[in-house]
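Please go over the structures that come below.
In the two assemblies presented below, chain A is common to both, partnered first by chain B and then by chain C.
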Partner chain A sequence: MTTVMSKPVSAPGKSIIEKLNFFTALALGALSAIVVWRLALQFLPQDTEVRLFTREDKITLLSMTAWFVGFMTGIGALVGPFRWLMGKDLTHEENMFLAGKDMGVKRYFRYTTDHKVVGIQYLVITMLIFGIGGILAMLIRTNLGTPEGGWIHPQAYNSIVGTHGIVMIVGTIIMVTGPFGNFIMPIMIGARDMAFPRLNALSFWLIVAAAVPLLWGQFLGGISTGWTAYNPLASQAPLGMDGYIMFICIFAISTMVAGANITTTVVKMRAKGMTWNRTPIFIYGVVASVALALPAFPVFFLSQVLSAMDRALDTSFYNTAGGGSGWLYENLFWIMGHPEVYVILIPAVAALMEMAPVFTRNPLFSFNVAIMGIAGISGLSILVWAHHMYMSGWAPLLNTPFMLTTELISIPTGMLFLVLVGTLWRGRLWMTMPTMSIFALLWNFMIGGITGIYLSDVPADAFLHGSMYVTAHFHYTLMGAGLTGALAALVYWFPAMTGRMFDKKLSWISFWMVQIGFNIAFIGMFTVGLAGQPRRVEAYASTFNTGNMITTGGAYLIMTGMLVLLYGVISSWRSGVIAPKNPWQAKTLEWTVGYPVPLENFDVLPVVTSDPYGYGKAKS
Partner chain B sequence: MSVETHAHHEHPDVVGSRNRLGVVLLLVADIAFALSMIFVYFYLRQQNVNDMWLPAATSEHPAITPLASGAGWTVTAIAAFGLLAHFYGLKGVRAGNQTQLKLGSLVALVASIAAIVYQFNTIATAPFTFSDGAYVSCFYMFAILNFVHIMLTIFISLGNWNRARLGIYKSDHWHVDIVNVWWVWMVVSSLLGAFALSHP
Partner chain C sequence: MSEQMTPQTPQWWKKPDVKKTAILWAICTVVIGYGGAQFNIRNIVSPASLTMSGVIDLMQIFTWASAPVAGLVAAICLTVLTSKRHYGDNPPADADHEIANSPRVVGLWIVVSSVLCLFALVAGFIVIQKDSAELLDSDAIQLNVTGQQWLWSIDYPNGARSEDVYLPVNKPVVFHVTSVDVKHSFWIVQMGIKIDANPGYTTETAVTPNKIGVFDLRCAELCGLLHAYMQTKVHVVSQADYDAWLNNHAAIEKGA
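Let's turn to the complex of A and B:
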């Protein structure tokens, strides 16, 4: 070849780090998946007669794993580890490049380590997740608008319910610790970044990598088991189940990495003078959440690894015929599952606790009680899991002790109520959407918590278990309490993250639409649940029609309110009122850095000399 | 934008202690994972559902008998040897002896490779197939996941040896300290697996 291609493939010195981005990741992920899929088709032996269907599972799981490895390689996750291996640690310039120095919008599509970029990435992906989960919810509610069902095919309906459930659970797990734990938290404690910036990027991109198998599973028969993926049902479900399994395994890694990172950051990197007494309550909430997830998610991870082995290798962890046990799965699942609901709830409540002093100009009512409440909930939450299994027939003798521990949780939960009410009490209320969200949380969480106590009562649960009552209960807690706190956090920290105020009118309109719609929808659901309508059904007896119609109506109101909120986010981000430096006159550090926040937040690291809630004397 | 006080200029001890906490927290997750495996093992063993923990002989299959627990203990012994070698290297670098560090980390690397060969062999020569009851399922669970664990260990000890070889640990050696924590956990986790498997 004599023709000279004068354009070099890459500029000299342009390192691999600079070449990798979201698109190389997509390409490499897809390529790896396709190659491995073809190879597996070609070379995996056929099943013998005794072991039917495991070959398809092997092929699916192998291709999904290949996607995962390819994607993570393509985004650049392995560069750091391999450079360590080779003894060529990243240089200062390379680290600055990774942090996205002077890079503009492109850094959002890269393995960028700056915690503020990761925070925004989390915010966007959380909104996407809620968007998808929300569309699925509307499909469910539309189908349930009339008793006879049939608008959606039952098989598809099941998968929609399961996917809605797990997508929303993941969305709510990351909705506070993801965007605000990453963007706000390090500034709030006076740090320049997270303890492990590359792990931070890793935890975000793992979620992106995880999303694809879940989506992929939709084309392989979907997730027909509900979000809990109980075995042995799951081992008999279509190949889509493999998508669920991969999704959970990858997400679990993300959670563990984020948990270690956030906890280390808070323990080791708080500003000088920020003693534990002067550490904002939101920080406690975030740490409690991730520290609870840290030992819980590995259990979930293992439960899915075993599910995969049962499906693909024909082992018998959950298969009774081979000596396995479905109860084993239920135990593993709920040992993770109940702590997980507090992983979701605690940071959302803590965010509201952070806002309560700001909007009442009162100090937080009993900082210590707040911490005791958070600690008590976290500690007890690992001892209650079998309240999900009262009716499963597993260990009836344990029902009473589990009933006791479950009901005990109301005490630390009550402490959190006390702190919020005490802070509001005789405060000079500044009525904003976040302030009103505190009231909404108190109302919704009261209903969610009290119905929880009924459910934890074994005789009552004998009747309520498996009904729409359970579904209404956990929507009151997850959405009524958790999501309400997260939306308030969005409006509250919007100025710090975007430099603009969230449109006040839109925040109010959406608040009322969502809250009213929510209460209509789920009170309706309580009534049909009490009347005996089972959950996860595609058609129902016509006696339940009125309640269901009300719920569906409420759901449409929620949807409209959420669309208003989405419009508010987009329009305020693009052209909202420019925010002053500390629009809420708060005392925490994230309001001292201005916007745009410089790459490493602080020129000179701050020194903290007082507690963050010094708004005057506490009223007793 | 100032970079004078950037993390780069933090004292190695500060960075080291931060990294150590991070690793310990990741280990908390790994420990939870390992304890769940132990839970699975003893749960299924105790339940012996349908008498299928160790299935009896049928017309097609001979009875399933548990493997001699020697294999699990051998992997543990190899890991313990790796830990000792690494620790020897660590003591060397603490005393400023780079040669001892290089030697110790090389031997640790060799131990991790020996462990994986041995672990692979146990899986490959196991006298049963995946569907031979709950004990066998658990055996594969331990063996396969330990295999993954050892792969990580090889990566870590290869990097550690290579960095020692390049003289990177002359100025500070907190990496070597942290790798030691990993090796300790590697031994404890194999021990847990061996302990379980010796209770068929």
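Let's turn to the complex of A and C:
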């Protein structure tokens, strides 16, 4: 790879770092993939037994790995470690270059280490992901407009459902900790950058690298298993499954890297005087989220490696006939899968907790309870995974203990509600889109929470599991609560990230369209779930038609609202009202640096002397 | 919050916003409890077994038990939303709030939510206990169910085999469920039972149908291309009709 790069394309003396960018990465990734694909095609031995796909799986996985290595090399991820292995480190100029000093737009297409650049990159890719996931959702809903399904082939439909699922899960995982955890968080704690700036760039570019195998898989038969990719169904799925496996493995690395980086930053780099009592609650939310990902995602990674081995190397980790078990996969998957929903939810709720004092001019009610709530949810969430397997028959005797841990989560979740309503109580309500988002979150999360209690109950789950009711429930929590918090965070931190105010009118229009559409869509989905419609079906009994039509109608309203929001983002970013410094009159540090934020945020590192929620006339 | 700061502040329960919230709380609790319960009962399938009736009862109990909590949150939100709101580009003056914490409120909240949680657990355990009794019933009919892509087959004790399910009314049935290819999930919708069909393992679930009629068996786990069509009917008939069908069907099976 170095031979490709060392061709004298530009002036001598220009170091290799300066030549690498997104386009060299694409080129090198594609080149490596093609070379390895040809070589594998040529030299891999034919299968001795007649078994579908094994050789093809090997070729696909090898080519995808080659893409991954090529892309990461081409973007410049290996320059630092390589230099370090040779006993040198990057020079100061090179580090400044990497940080994107005086680089303009080009720095967004490079391996740039500045946390603010990474934050904007995350924001754009999150919107892109939601765009793709949203289009897939609209395809699903349109197909379900009629009972016969029909115009999408079942194979394609299953793949659309699976891709929608995994794309949205990834989008929601990064939607708060990505843009705001990277751009805002370091400024909020009074740091000059993240603890490991190069790891920060790495975590972002890994997501870009991961996206390609997923896209690639769509052309190899797609992901016909749903986002859970249960085995043994996954082992008989077409080659597209290998795209899913590669995607998850790379994304898991990205999440682990980001988790280690953010956690270290918060623990080690808070400003002087920012004791744990004075650390904003949003920081707690972000750390809880990424710290939860640290034990969860290695297991996800492992589950997919075993899946790849079953497919390509004929092992039988998940094949009962060969001594394995599909239940092993389910356990591994949900050991990641349940903490992961709180990875999504906690930072979104914490962002709204951060905004609640600002928009009510009231101190945050019971800071300690907020932390207890976040910690309680995080702690319990790693002990509840088997409630996804009540009906799997894996261990019926364990249903009751898992029911206990699951229902216990309602106690710390209740604490989060208490903190929010306590802060609202007797506040001076400043009506903005983020303010109303707090109420929207309380409404949606209440419905998501109560339906969650039904589902946590084993006998009720025996009826509800695997039905549309479950789908509606987790959309209420992840979209109704999670996405609502993320959109509010976007409007709230928009001035800090772009220097312009988010168009007020557009934020209101999109808010009401999305919230009303959302409630129509998923109340409709609850009705068909209660009536007995299974999940992930492309056709259904005609009795379910009314509920499905309601859901489809609601989905179109959500789509329109999201398009309005997208227009709002673009138009406000380009030509919105220039934001004053600290437009919300908040007391946290990210509003002290102005816009544009200087390269290392602070000339003199700040010293924190008061709590960030000192609103209210009589300060406590 | 619009109250005047009189030299002597009234006791907390006499403050107008507290009174307003209390009244709203009562109203919201009833609306949410009744509305939620009606939503459930109007949409859920009509039960064909005591198991399913138990599921519906549990959901109604949970709805009513959570209604006061949801009602309180709704009441506080409504009080806040209907008090003076500030529009504009600059923030309003700071609130008059003096307390950033209240150990009494926090304590009460935690105790109440723990009690509700315990209540939900115990209610669930009681129903689990009832449901699992049928599994151990020695008089029960034992049926073997096999899922495959994309149909179900049912084996009866006398050697009959069918794709539809025939059951006598008011007699416990134990289903031994397995699969020959990938995971499926055996779901008799109106009877409120479900268990996954796993290749290489046999799982059990049991029910006593208590209504004559035709019900739905659907696959509840994505199992590939035609998952949506992997469904069939469950016929619950009288004991006499069941015996007749069984003998007839066994004869057909042997003849064929």
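The rule is simple: the second predicted complex is superposed on the first by the 604 of 620 C-alpha atoms of A that agree within 3 Å, B and C clash if a C-alpha of one lies under 4 Å from a C-alpha of the other, contacts with A are read in each partner's own complex, and residues count from 1 in each chain.
Methods note: contacts are C-beta pairs under 8 Å (C-beta built on N, C-alpha and C of every residue); 3 or more make two chains touch, one makes a residue touch a chain.
Please read these numbers as outputs of a predicted model, since none were measured by experiment.
Enquirer: Looking at the overlay on chain A, is there a clash between chain B and chain C, or do the two fit?
Expert: fit
Enquirer: Determine, under the contact definition given at the top, whether A:Leu294 touches first (chain B), second (chain C), both, or neither.
Expert: Only chain B is touched by A:Leu294; chain C is not.
Enquirer: Of the partners chain B and chain C, which touch A:Pro598 in the superposed model: first, second, both, neither?
Expert: A:Pro598 contacts chain B only, not chain C.
Enquirer: With both structures placed on chain A, which of the two partners, chain B or chain C, ends up touching more residues of chain A?
Expert: Of chain B and chain C, C contacts more residues of chain A.
Enquirer: Applying the document's definition of touch, where does A:Leu139 land relative to chain B and chain C: first, second, both, or neither?
Expert: After superposing on A, A:Leu139 lies clear of both chain B and chain C.
Enquirer: Tell me which partner A:Leu383 touches in the superposition: chain B (first), chain C (second), both or neither.
Expert: A:Leu383 sits against neither chain B nor chain C.
Enquirer: Between chain B (first) and chain C (second), which does A:Ala321 come into contact with in this model arrangement: first, second, both, or neither?
Expert: both
Enquirer: Is A:Met415 contacted by the first partner chain B, the second partner chain C, both or neither?
Expert: Second partner only.
Enquirer: Quick one: classify A:Leu313 as touching chain B (first), chain C (second), both or neither.
Expert: In the superposed model, A:Leu313 contacts chain B only, not chain C.
Enquirer: For the overlay on chain A, what angle lies at chain A between chain B and chain C, C-alpha centres, nearest 10°?
Expert: If I round to tens, I get 110 degrees.
Enquirer: Going by the contact rule set out at the top, does A:Asp193 touch chain B (first), chain C (second), both, or neither?
Expert: In the superposed model, A:Asp193 contacts chain B only, not chain C.
Enquirer: Once the two structures sit on chain A together, report how near the CA atoms of chain B get to those of chain C, whole Å.
Expert: Superposed model gives a least chain B-chain C C-alpha distance of 7 Å.
Enquirer: So which bits of chain A does chain B touch that chain C touches too?
Expert: 320-321, 325
Enquirer: Spell out the part of chain A that touches chain B in their complex, as residue ranges.
Expert: Against chain B, the touching part of chain A is residues 50-51, 81, 84-87, 89, 92, 95-96, 192-193, 195-196, 199, 256-257, 259-261, 263-264, 267-269, 294-299, 301-303, 305-306, 309, 313-317, 320-325, 328, 331-332, 335, 598-600, 603-605.
Enquirer: Would you mind writing out the residues of chain B in touch with chain A in their complex?
Expert: Against chain A, chain B makes touches at 1-3, 5-8, 14, 17-19, 21-22, 25-26, 28-33, 36-37, 39-40, 43-44, 47-53, 55, 130-131, 133-138, 140-141, 145, 155, 158-159, 162-163, 165-166, 168.
Enquirer: Hey, which residues of chain A end up touching chain C in the complex?
Expert: That would be residues 149, 154-155, 158, 161, 224-226, 228, 230, 232-233, 236, 320-321, 325-327, 358, 360-369, 391-393, 399-400, 403-404, 407-408, 410-411, 414-415, 417-418, 421-422, 424-431, 439, 442-443, 446, 450, 453-454, 456-460, 462-463, 465-467, 526-527, 530-532, 534-541, 583-585, 613, 615-618, 620 of chain A.
Enquirer: Can you check the complex and tell me which residues of chain C touch chain A?
Expert: 1, 17, 36, 39-40, 43-45, 51-52, 54-55, 58-59, 62-63, 66, 69-70, 72-74, 76-77, 79-81, 83-102, 105-106, 109-110, 113-114, 116-117, 120-121, 123-125, 127-128, 131, 177, 181-183, 185, 187, 189-190, 192-196, 198-201, 203-205, 216, 218-229
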